[in-house]
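Chain lettering (A, B and C) follows the sequence in which the chains are written, and residue indices restart at 1 in each chain.
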Amino acid sequence: MSVLASVRDLAVAYRRDGPLALQGIDLDIMPGERLAIIGESGSGKSTLALAIAGLLPAGAVQEGRIGWPGLARAPLGGRDIGFVFQDPAGSLDPVMPVGRQVAEVARAHLGLSWRQAQERARELLARVRLPEPDAIRHAFPHQLSGGQKQRVAIAAAIAARPKLLIADEATSALDTIVQAEIVALIRQLVAEDGMTLLFISHDIALASELADRIAVFRAGRIVEIGATAAIVTRPAQAYTRALLDAHIGLDAAPLFSSERPHA
Amino acid sequence: MSRLARFLSVPEAASGTLILALLAAMALLAPVLFPGDPMRIAGPALLPPFQDWSLPLGTDRLGRDVLAELFHGARTSLAVGLAAAAASLAIGALVGTLAGFAGGLADEALMRVTDAFQTVPGFLLALAFVSIVGPSLGVVVAAIALSAWTGPARVARAEVLSIRERDYVAAARVVGMHPVEIALREVLPNALPPVLALSSVIVAGAILTEAALSFLGLGDPNRVTWGGMIAEGRTVLRSAPFLSVVPGIALVLTVLGIYLAGEGAVESSAVRKGLS
Amino acid sequence: MTRALVLLRRRLVGSVFVLAIVVVGTFLLLESAPGDAVDAYIAATGGDAGLVEALRQRWGLDQSELTRLANYLWALAHLDLGQSVAFSRPIRDVILERLPNTLLLMGSATALSFGLGSALGIYAGSRPGSFRDRFLSIGSLALYAVPGFWLGLVLTVLFSVKWRWFPIAGIETVASGRTGFARAADIAWHLALPVASLGVIYLALYLRMMRAGMAEIWRMDFIRAARARGIARRRIVLAHVARNALLPLVTMLGLQSAQMLGGSVVIESVFSVPGLGRLAQEAVAQRDTPLLLGIILISAVLVIVINLLVDIAYAALDPRVGASEAGA
């Protein structure tokens, strides 16, 4: 009972005879941990997130097992798993007030009346640090900034108190400062509610601030997996090392010498 | 896969094309299979169908051969449909291109005129036009085109607005082409495809409008039309309903064929892009 | 509310221009008719050259075109549409008498086609690709190809002649002396077939639009997000997919109003409903040009008003409309 979810030999292809997006994935997700899935485009990291959440498109083929010993029954989106998508605008209904979109999740899973659900929505909007939650719950998505929309999406994802929060490139479409804020918000919420976090990203530096464990993906397979500190300081695989090296931080040496311009 | 083969592989397109081919055959073969004036007396009045095999669909109130009328009516419907569509598309494409390309006040003025033509119900306008000028095939075509041109005009204008910002237009301008020449030689041909996509809807609408005009007695009196046949049959609706029902079925099948072919065209281009 | 008012003001200004073009255009069109109202009157009633001269003068038909246009515009400003030749009554009165019947016919046909069409479209679109989806798709395409006037005749043959469930013509039982609810029921019974004939083609249209719209919305990201949140399927279908797919249909309501008005001409003819459409046909038959002009004008005004109302409704349904202008 000490594992939340166990993935065994998972393989996924988006079309019956298409190339494998994932193959031979063996992974355990421990309850309460913060696991980051790192990889470049096409590495299969989003596919893993969608497969775990049961959101693969129709026509996709999945083999292997995803077991949930940590849950008493088969997982249900919203109730057991909260999913935050990459595109904040794409995850909200453009013609429904944002408060109602959060409330409907609470109502669907917590058996609340509409009034109670609206109240809970207001609390959640305050929790994700949106200004004037009472006013903003009547706002429509197009009236909010990208960061604000993502906060709403997060509120909707955690509305029914799921055990697992999956953030699929949740910050990749946001500005840098907003990115940092959202990451901090996710860290706080996960700690407060005791949720397990699956954080998908291409940015290994961002992940290393947030995660206990890191799994590195490449071309549909796991290249390396281990504790954050170990991965970041002593990567075992050359690919992981390449990813780390490719990250340019402010303390890195300049690419060109600033002394003399080239003639 | 050739374009035609791809088109016909879509079931809607295949069935639609089949119906239209039959229609075209009817229209073209009418003078061959039923020579002479279809409106002459061919037999006893109100002969029911399937009784006399020289008059397979019977006769109408005046003793005219219903099957001959049906075939000759196909000619009128097809002629009007195609001519009206061609006229509407031509006028609409021209107006839309000029409006989109000219911009500014000319564009505004042309768009208000387009609005005006869209605001007046097309059928009322056609009614007024035909009643003023007098019913004949050409007038009916003009009357239909009078209101049908607005759709293609809007589509053409929208296309042109996006095209005129493109590089090859700027290049033509640099070379010194006269604006009107640019509009007609460079912009218009590239704005055409979405406009042409409207053609099936316009043809179907034209055929139905012509039928309605003929039904009200405003069609060409010298020609057999399905609408006219329905109107004729109305006088004996109780005793011989088939006289009104049969031409209507022909209309339904014709329009259905056009819609199916049109939908098939959309489907097949989607297939090519790998969307379905 | 600000959004709606900003939109309204802009549309009203544009509408005035459009109406002006319609007035001038129709006037010119009808002026080009060979022979005028006097010729028609003489042809019907008979008279000599002296009478022709006198009538021309009395009806102001001997003045120049520009003068007549100016006179007409002046009269319009006073809401005077002129005198009907065929009925020898003010055109405004004749039209106002017939207008309610057409409005009733059109309104009912629109309500039926929009309501039932969208409902069936939602039913089909809730499961794209299913049997009911394909069945309704093909069925609606067949219905869309049916000419309204022919359908009217077919329905008459079946329901009025053969089975006698509905009356053949008219808008109410003549001189029945019914009032209130009984009268309303009688009118409804008479209008059943005309409304069906007029509405069927639009029912097919809205069905197809809703179906296609829903198929497109199903593929959108925010629907996947709603499923990820575990929202019940029924709620997703109605509150999210259908609600978003509704918007283009509302726009279509406005666009189709002109066409439906035209369609009512033939339907009213078939069923002898004393409405505006039938009046137009009578005006044509009797060569009553001023009356025809008046009908075209009123129709244009009607279409403009309907479109304005539809625009307001659309703005209420789509919060994104006019957001940038009203400073949201």
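As a working rule, a residue touches a chain if its C-beta (ideal position, glycine included) is under 8 Å from a C-beta of that chain, and two chains touch if they have at least 3 such contacts.
The shown structure was predicted, so the numbers you read here are calculated from the model rather than taken from an experiment.
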item	value
Far-end chain from chain C, centres as C-alpha averages	A
Pair exhibiting more inter-chain C-beta contacts, B-C or A-C	B-C
Inter-centroid spacing, chain B versus chain A (mean Cα positions, whole Å)	55
Approximate Å spacing (C-alpha centroids) for the pair chain B, chain C	22
Whole-Å gap between the CA centroids of chain A and chain C	52
Multi-partner residues of chain A (at least 2 other chains)	none
Partner chain B, residues of chain C touching it in the complex	14, 17-19, 21-22, 25-26, 29-30, 32-34, 141-142, 144-151, 153-154, 156-157, 161, 258-259, 261-263, 265-266, 269, 280-281, 284, 287, 289, 292, 295-296, 299-300, 303-304
Chain C partner contacts - residues on chain A that touch it in the complex	53, 55, 76-79, 81-83, 85, 87, 90-96, 104-105, 108-109, 140, 142-143, 153, 156-157, 159-160
Residue ranges of chain B touching chain C (in the complex, touch as defined)	112-113, 115-116, 118-125, 127-129, 131-133, 204, 208, 211-212, 215-216, 218, 230, 233-234, 237-238, 241, 244-245, 247-248, 251-256, 259-260, 263
Of chain C, residues touching chain A in the complex	220-222, 224-232, 235, 239-240, 243-244, 247, 317-320, 323, 328
